[in-house]
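Here is the structure we will look at, set down as structure tokens.
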Amino acid sequence: MTQYTAPLRRLGGTVLARHAVVAVGLIAMTAFTVPESRESAGAWLTLCLWCCLAYFAIGSALRAHEAFRAGRLGDLLSTSGFVDLISVFPIPIALICGVSPPTAWLFASLWVLKLAQNSREFARIGRVFVLEAKPLASVLVLFLIVLFLASAAMHVIERHGQPEAFGTLPRSLWWAVVTLTTTGYGDEVPQSTLGHLLGAVVMICGIATFGLWIGILTNGFAAESRRSNFIQTWDLVSKVPFFQTLDPSAITEVTHMLRRVEMPERTAVVRRGRVGDCMYFIAEGEVQVDVEPTPVRLAAGAFFGELALLGNSLRTANVSTTQPSTLLILDLADFRTLTAHHPELARVIEAEGKRRVSDNQRRRELQLRSGTSMP
Amino acid sequence: MTQYTAPLRRLGGTVLARHAVVAVGLIAMTAFTVPESRESAGAWLTLCLWCCLAYFAIGSALRAHEAFRAGRLGDLLSTSGFVDLISVFPIPIALICGVSPPTAWLFASLWVLKLAQNSREFARIGRVFVLEAKPLASVLVLFLIVLFLASAAMHVIERHGQPEAFGTLPRSLWWAVVTLTTTGYGDEVPQSTLGHLLGAVVMICGIATFGLWIGILTNGFAAESRRSNFIQTWDLVSKVPFFQTLDPSAITEVTHMLRRVEMPERTAVVRRGRVGDCMYFIAEGEVQVDVEPTPVRLAAGAFFGELALLGNSLRTANVSTTQPSTLLILDLADFRTLTAHHPELARVIEAEGKRRVSDNQRRRELQLRSGTSMP
Amino acid sequence: MTQYTAPLRRLGGTVLARHAVVAVGLIAMTAFTVPESRESAGAWLTLCLWCCLAYFAIGSALRAHEAFRAGRLGDLLSTSGFVDLISVFPIPIALICGVSPPTAWLFASLWVLKLAQNSREFARIGRVFVLEAKPLASVLVLFLIVLFLASAAMHVIERHGQPEAFGTLPRSLWWAVVTLTTTGYGDEVPQSTLGHLLGAVVMICGIATFGLWIGILTNGFAAESRRSNFIQTWDLVSKVPFFQTLDPSAITEVTHMLRRVEMPERTAVVRRGRVGDCMYFIAEGEVQVDVEPTPVRLAAGAFFGELALLGNSLRTANVSTTQPSTLLILDLADFRTLTAHHPELARVIEAEGKRRVSDNQRRRELQLRSGTSMP
Amino acid sequence: MTQYTAPLRRLGGTVLARHAVVAVGLIAMTAFTVPESRESAGAWLTLCLWCCLAYFAIGSALRAHEAFRAGRLGDLLSTSGFVDLISVFPIPIALICGVSPPTAWLFASLWVLKLAQNSREFARIGRVFVLEAKPLASVLVLFLIVLFLASAAMHVIERHGQPEAFGTLPRSLWWAVVTLTTTGYGDEVPQSTLGHLLGAVVMICGIATFGLWIGILTNGFAAESRRSNFIQTWDLVSKVPFFQTLDPSAITEVTHMLRRVEMPERTAVVRRGRVGDCMYFIAEGEVQVDVEPTPVRLAAGAFFGELALLGNSLRTANVSTTQPSTLLILDLADFRTLTAHHPELARVIEAEGKRRVSDNQRRRELQLRSGTSMP
């Protein structure tokens, strides 16, 4: 069956298509809650919503079918499988149970979770929260402490003056949350001088707590970034023959320096005449260098863009991908550091650069045309 | 006496129980301030509050008794002892003095401090504030300077137009605090053009001050994290024989790399078939590796999970703790750096890994079963 | 033609003049929307606006002419060319199309983009957003997820109580945006207890999301700063002969230490009697050292201010630039580290310092005056 | 004359006294603007304000006199001199000019600047802003761009619906500032759907801009902290003989590790029985170690607290300062790193530690008492 659905899946299975359907679905769902638009275009909106639902249902069914065939039943119980489930079933179930359509379709807001499905970045953000769970929990406890003490005190101070706003602790807690997070709706405001003093203290505590929270997340994110980048880059470095002559300690060093970038097909990597401040290693895929008379193709494992780092700083040719490719970027700063520590690498790159320049020149002379050299 | 109360304490003395009682107590106290719920369920709420109070009173009494017996009277005067004190005594004293119950039980909001009692993380947060006290105080002074100058100027600008809101300096100061912290209730808003200009400057100053505050806390937290992690990890590293062959400089290096994690009993550490990006050293406790035919137990000092870093990146067996354990985690990135600098370590780990693989194979051959190797 | 317009361009082409014209234009445009000021001074405001427009039009025309002559037509299609275009054409086009003047002149608000034109810093900020695009996009998706789920839930909770504010999902989304960003206008506020609980969760999610966002930007900015500083400093280091004796690894090290500073003509760099905590290398330009009896001029490649780092910490002479100069600053901390790693540099600097002191002394003795030594 | 005023100055010249007078003055000034308190206690408040003014006037006069005698007239023109000037003269001048007292005394809000006078921390915060001036200015320009474009667009969108709030650009700009800084008073709120969409974009831009601002300040503060700490610590390190045996590179390393702390007279540094995680070097001042039978005094250049790092981790004696002292703290983590790189230092410290332990033991044996060893 998979071979029949393949073209359909190729069309509808791309990330772009999925995001577009999510956007359309959310807008239609939002419009469907407005009585005016429901009256004027209700039928179209309903059609649109059912189409989106069908799209998600088919996608989920295909994934489930595949997981079933491959015997990976665990996939159905993963976060991704759960998102598949709750983006399809709640709506028809609610409609069957007799919930009015505008309310039932509110479950379509769960489609927004599709944007985060299978995202590596979300896994990273999640990891930051897991690794920093203890200090973040402490900040939340600090938040709770200020919250309860401030609202009990404010309740005592303002309950006689404003029985409506501060007469009960739940109302007072609402004020404290609104104030501590610096949201400040202004629906409940202390009015006595003592209340103002306490309010000022709560606001400053709010900022202090917030600052701690940001400090912890910033440090956590920095550590997690470094770690996950290293692991992902490490696998790619091993695919570039150029680095295999290095000893393990230097490979570790260079892995910390490289930056990964994934590029779709037919994308310009380097433009002729621009200032160049990095060189590229091809980890996966293929690029085409537009040198005269005939373009040159470089496969995985090759490097380019080194001429801009060695002498003249302008790119000498256009380079673009011919396939979806993963490139490793080495910035000028790191290139200097690397070649300073490992002069043999500098020699290899320089020799290759010279070979390319002379190669281009010879070819051009053969064709007696004014051409372009490699980037 | 302690032996009699021991089972009771085992039940009630866990962190989870304490947090649950705090949550129940705070909710009951909050509900007790609402006249409606007091009328409908006042007796139950009072019962619930008295139970929570009894729980805290017994806990505090036991701790005091123990400290008394051990002669550690200083404990009674510590922060923890102070929290014990103020979470028990104020409520009965207030009730005896004739304060109305809903007001007297407001002191139960102090129970929220129990959440922070004996927390190492709070000590760390406190240390950040102590170490960065001078720059943080400067930011507060900056805050005060903007506050006073802005509110004096706004008082002059707006007092004729809005005598109610800006007619006195205290009201004007209230506006300035609400604006500088970007809370913005909107109860006092400048209305003249000059007032708008000054207001805009105050808001931007607020953001600048806030940015400084966050910058200081972020840097302070990073330094304190590094420091306290090192100290806690250092003690554990000395318990792992594997590291004792290293020279002092390498031990310092590896201590900076390791991450501590405390795991309760019967918890899965490694799951078979998952991608592995770290290895584990057992500092305290014991783990069980589910290899066929019979599981293997590894005691404190052993390591596991290294096979995923050496060759194939998938975990080959489930591992779970049999006791509360403290593990030291070495990430792939740091593993590479470490073995690059200390090739002898790589050899030891590799030899152990090979031994385990062949060990597993031999055992499986003996039993003529298809089994699993170690993780 | 360029030689005729040269004096005009010299006057009007400076950054200061451009910024002043932008400021005047924006103020005039703002005043022009107020009916009172349009009545009292409408003619003057219109004149002022036309002058500003003429200034920008002439500037744009000159740039276009130059680009045309030099054959750099690509410049016209760059961001800068686009800003030139939209700051000139929309206004006359709107006026010709019959749009009322106060509305047509609103396009003058696009002039504010002139402040960012050709700014290197903006390119850097843009790079941070490009490099961190993936994590920042994830945070935005997280923001969207909280937004849709919270507003759907709040719509269900509050639509019966407040049909005006939460009756439709668009209104509910507006509340969620205002709350998640901690803006908190207070025009739509939940009033049921359940609504308060959900509101509190949304506010805390808002702060958490915000914290992630700041964490990513902080780390991205740190990386980009390091990178771009290195590249800009590297080119300047190669112009200072003093550093050319160093091996490549040391040059990389010193490049990381130096801080660039661009100074206009006739600016004081060092003041006599001040405490000195850095030394200076002249990468471009020239400085004058006011030593008695005759000032000494130091050209590009020379260094000064080293005496304050070697012994006495007070500057011994005034130094000021005679041309627009680019200086490289080496802080005391880095100076210590550098000379510790490279003692030969310390010897060179010390020898030069001694030579200068004795030089000054000899000159003073020749003139029998009490003079000043070099800084 | 100075010798007569000396006792007065000793009393009134302390930082504590100055801060107290500022606090009293500001409170009195604030109360003086409230008609009720002016009626009930006007005479006392006026007296209090005059006393504060006299205190500042005398202080300023003494400083000016001293600067005059020492010929340092530049001091009078410094920031500190300017603060002296504006905290004294404006009030009498305003009163003489016939300004009503409550208004004239508003100038007393300038006294808040006294809190920042002569503060090193403020100089550091100022340096961060100077060094990061370019990126911070870019963020402000970004802020201005969003501000003008958003308010022009909102003016067009909402001027017909809400002519009062968005009818002119100045009012629209006020909305944009209030929204971009996430203050959100709620006095002007867009009401059309298009206005809501634009408002949402402005709020998110506000958070993005704010994030950049914080990112820049955080990085700037980190760099400045490192730099200024190094310079201040460097001078103190040279006063400790223990470090003088190190080669320059190691001194640089140790300077980065040490943390300075200034302690007043008779302050406890180390308490017996506490867990110790750092050792101390005395840069300036003197401490007393309470060992039995007679306390030992350690002068500048000595170190203590090393026993807790070498073996047992509990402090073995109380240590307190006998004079205002400056101590250099070496944390356990850095101690390990340092002794790993420089084993000779570890030997010196260990030898000194052993000598002290045996010394204490011998003394105790002589007195036949059970005593305490050094910390």
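Order as written gives the chain letters A, B, C and D; numbering starts at 1 within each chain.
The criterion applied here is as follows: contacts are C-beta pairs under 8 Å (C-beta built on N, C-alpha and C of every residue); 3 or more make two chains touch, one makes a residue touch a chain.
All figures in this text were calculated on a predicted structure; none of them were measured in a lab.
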At the subunit A/subunit C interface, shared numbers over all numbers used: above half (same) or below half (different)?
different
From the listed A-D, B-C or A-B, the one duplicating C-D with over half its contact pairs the same is A-B
Cα superposition angle of subunit A on its copy subunit B, in degrees to the nearest 5:
90
Taking each chain's centre as the mean of its CA atoms, which one is farthest from the centre of subunit C?
B
Report which interface contains more C-beta contacts, comparing B-C against B-D.
B-D
Which integer distance in Å separates the CA centroid of subunit B from that of subunit D?
27
Just the number, please: Cα centre separation of subunit B and subunit C in whole Å.
39
Multi-chain contact residues (two or more partners), subunit D
170, 173, 182-186, 210, 214, 218-219
So in the complex, which bits of subunit D are touching subunit C?
131, 134-135, 137-139, 141-142, 144-145, 147-149, 151-152, 155-156, 168-170, 173, 179, 182-186, 189, 193, 196, 199-200, 203-204, 206-208, 210-212, 214-216, 218-219, 226-227, 230-231, 234, 247-249, 251-252, 255
In the complex, subunit B residues that touch subunit C
182-186, 214, 218
Interface residues, subunit D side, partner subunit B - complex
26, 29-30, 33-35, 103, 106, 109-110, 112-113, 115-116, 119, 121-122, 124-125, 128, 143, 170, 173-174, 177-178, 181-187, 210, 213-214, 217-222, 225, 259, 277, 331-333, 336-337, 339-341, 343
